[in-house]
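Structures given as structure tokens follow.
Shared between the two complexes below is chain A, which pairs with chain B and chain C, respectively.
Let's turn to the complex of A and B:
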């Protein structure tokens, strides 16, 4: 079991650490407007990812989970804060080290219809990273592609086909084969099954589990689907409006969510048991916009427990017990006294 | 109780350059007053075409209703003129769609769009219709409805827009509402709000609902009856309780098992159960049972003959040779 990594959260087990990360975008309200508004997509995130684990990242649309993934893989530059991969600052890597970073960290995108180049054959899509990384070429590359296609459950005779000739599930397999081609250490899976039919989702999730076991991969698994994240993850971080509101070991978080938002998320999930109606927390209002958010706790306008301090002060992500941190004014620190506030510290 | 909707042996075909596609291929369904019928199925199984066929909104050509009957409150809709059918839409049946942004008019304020519906179908004056629109916005839980009525769809969030769609659909108190993936584009917390709203309004207006979705969880919560569709056919139809606790068709069983549920210990390292293969292309349907090449209990007969739609216990229908030889 990889869980329980909290006791020895020493640097040896940490593959990735995100420190005080902020990513703001500028948005103009109109084409010619001079008024610039800040979209706080990621707003002060601290997070660690341990070797060999799957960290689930859940949140609703606009919570910043995809942006966080994109900053980690350096598709976006952070506004503030830093990301350490294997102890080195990702956004300050010299050019020659950048190449090896690109090899070590890969991404699988949500929409297999939009993320594959329609003018390239499956062989070229899967083999491209091998060429770019100067790992191999020619016949050797073809042999590697054949093996990769077999690993992800495609047949090698399909390698001359183009993306439109594959089904959604098969395209996602191509995307996964491309991602593992360079033997990466970390894969960011950004909603990898959301665009797929229910009966195909399970196939892809099983494939991701097999690959992790066989290739010793670490995953950041981003999804809005709590049940999928619950099934895939060792630990789960819940995001709301650019901030992490709760992070805990999977069984703990799903069994007994502590943050009022996490509670509402789980309570909103439909249960496949007709007749067993559960008490449901219906949140009022919409997911607020990350443009110029209100002061205080990002969740306070929808929170049923809010007290006065929630409207003015942002709660820090605080350790509340072994393997769990929560950002809520109403949830106290670890009773054992070890969990003094870790404001700004790495969680 | 009176049957609000009765569909008998409905077939809808599309004639295309590459051949005729039978998108709905012999569907029987019925729905009683105040009930919610869930229609479950994956992409391309014919759920939406079924709903459009009930509404008589199939674009023709290329589409056509090849056979079968749709009875609405005892009236055969095929016998109605276009004009009479138009009157029924709105008052008799209404529909809400998956993506409210594409079904609302972007250049007309939402209040006016609701008012238009009630003016047309209920014959209210312009002023009364505007009042009714504000009242409907209030009913569906939109704060400060009289100001919101003046807004355009793009000024609203996805959840708000879906509420506006529901307001339009229910403004004339229809007998039947067809909801096609009403919550698929929405976040879970908003989905819970919308399902709650549909349920509440349904009680108030005594409207029956057909809820189309790929999400079996949504149906478990919101419906009393459920039909599972596969390749244009209803493969299983029963009460929600029976379908979830005693599913019979191998496809239904597979769908229920392949969905990750609340996990027990060790689920992290366990595989999910899988239905092999993918949803079939309607152009290349296998002969016999359309599910046979993905089925784990397939027999020789399944490859040749299409299974009959058989009642195996009261109100529980299955299309499978294994279960009803």
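Let's turn to the complex of A and C:
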């Protein structure tokens, strides 16, 4: 398939590259308090997304995966670092190029009840990108909306209806139709099926796959549901406390997770075959607050393999093999020295 | 259950809308409904009690009270709608800007609201009217210019919560500009509470206009308004009760009607808001 060929990642295959990205939020503790606390939602992420692939982004809630998505699509400005889309810095685009960026990168939100304007009809919701981007209007717009509705599996006679008249799955289809209206290259799917019933989830996932095949789309697929990510992704990146702890091709990561956190995640999946048993790794404690991160590896307080260096040094995301990078002192040969700022550790 | 089903079940709200519609019809068809010319003086028939010819009696110059009240309803409605319109316009613009952009703009506008709220509005109006000549236009303007604070706060609160909603984020992601997001995406979703506030605002404005006219600094005679009919009534209250009773009743009913309507709309829009 498409995987493998990017091994020696020619930049021609790279659609999006995230470099040392940080996004901190300020939170004031009280009304008059001068004390500003920093929430490190995304804390030094390096990532590449290749053309035509689906990159799964997993992590528990609060790991910063949605924030990462929102910075990539420029709904938030980064605190540090940059994002290159087609080789150009997203957050420094001149106004005209920004317009075409909005056309090329789209987002599908988690909650189909909140992501559609309750006062607009399906036609207006799906057609709005066409109007805003000045692609077409009037009768031509209506024709394209009809086609888009057919593509996502809605019947065009529903286009005068308002969001509350649709089911959850239908609304998500409207959201997807809106996202593909401008023929984007990259779609960020931010937990697109988490709010849906399992039976509807499968339909939406299949729709996303079909669209990817027919329109040559690239996805960043954000989810906390390992099964869904496993099903959708070519590669998977695992986030923990604002950092990426492991990136690998899907089969590799699911078959043999290397990072202790990834191992714990996958051990939590229920066993599907009767009789088969596997070890359950129970993580102790909670995810530490991203407000005051401790020194060292973000995972060390909960890691059962921790050694002394884990408490003092942040492990860099290091390449350990073909198409695989792990940020752990115990894996690979690089336990000394490389800070998280190290730029070489992309993938 | 949708809005209309709930609204129709609310008897008080229906009563309120009936009153509102009734006064609307009366003011629109004033020339047809008034039995006499409201300015026609008849010194032979001064302070006459209600009779077949003058259903609500006559005033101290022999003018027909019913005709004057019918024409006066136009003033009340004009002032009510125009001044509330001004207040809403200011409120929407300032509230939208404050809520959407936040930061120092928000602080600045909200402090301006706080300052305006510090003035006892009625005395502020009195002071301003003392400098300007009392005309219906000035009354509209001054009531509107002192009544926007509540709506500003309301709109701001709605904008703050709505701008974080995902459909607004989605609009931003497709490249919609601030103006499009404010007016096409957020404002229509804030209209419901604005409508409710407007209904209450109209009631308040009608009351203020009547009070100003009663004090003689509102609508000037001979133009009839409910407030200035009351003024004339106050001097003759011991011999001509009808001169104060009917305009007072009209003011009471109109204000009640708008308030009931406003409450009805609010409760039907969202039953959880009932308070």
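The working rule: the second predicted complex is superposed on the first by the 326 of 347 C-alpha atoms of A that agree within 3 Å, B and C clash if a C-alpha of one lies under 4 Å from a C-alpha of the other, contacts with A are read in each partner's own complex, and residues count from 1 in each chain.
Throughout what follows, a residue touches a chain if its C-beta (ideal position, glycine included) is under 8 Å from a C-beta of that chain, and two chains touch if they have at least 3 such contacts.
All values reported here derive from a predicted model rather than from experimental measurement.
If you put the two complexes together on chain A, you find that chain B and chain C both fit without a clash.
Of the two partner chains placed by superposition, only chain C is touched by A:133; chain B is not. In the superposition on chain A, contact is made by A:73 with chain C only, not with chain B.
Once the two complexes are overlaid on the shared chain, A:151 sits clear of chain B and of chain C alike. Contacts of A:106 after superposition on the shared chain: chain C is touched, whereas chain B is not.
In the superposition on chain A, no contact is made by A:20 with either chain B or chain C.
Looking at the shared chain after the overlay, A:98 reaches chain C, while chain B stays out of its contact range.
With both structures placed on the common chain, the touch criterion links A:175 to chain C but leaves chain B unconnected.
Between chain B and chain C, the partner in contact with more residues of chain A is B.
By the touch criterion defined above, A:330 lies against neither chain B nor chain C after alignment on the C-alpha atoms of chain A.
The gap separating chain B from chain C in the superposed three-chain model is 8 Å, by closest C-alpha atoms. On chain A, the surface touched by chain B in one complex and the surface touched by chain C in the other have no residue in common. Those residues of chain A that touch chain B in the complex are listed here as 54, 60-61, 167-170, 197-203, 205-206, 209, 213, 224, 226-228, 230-234, 250-251, 254, 264-265, 267-275, 277, 280, 282-283, 286-287. By the touch rule above, chain A contacts chain C in their complex via residues 70, 73, 75, 98-99, 102-103, 105-107, 109-111, 114-119, 128-129, 132-133, 175, 178, 181-182.
Chain B meets chain A in the complex at residues 42-43, 157, 159-160, 187-193, 195-196, 214-218, 220-221, 240-241, 244-245, 254-256, 258-263, 265, 267-269, 271-276, 278-279, 294. Residue ranges on chain C touching chain A, taken from their complex, read 165-167, 169-176, 180, 185, 188-189.
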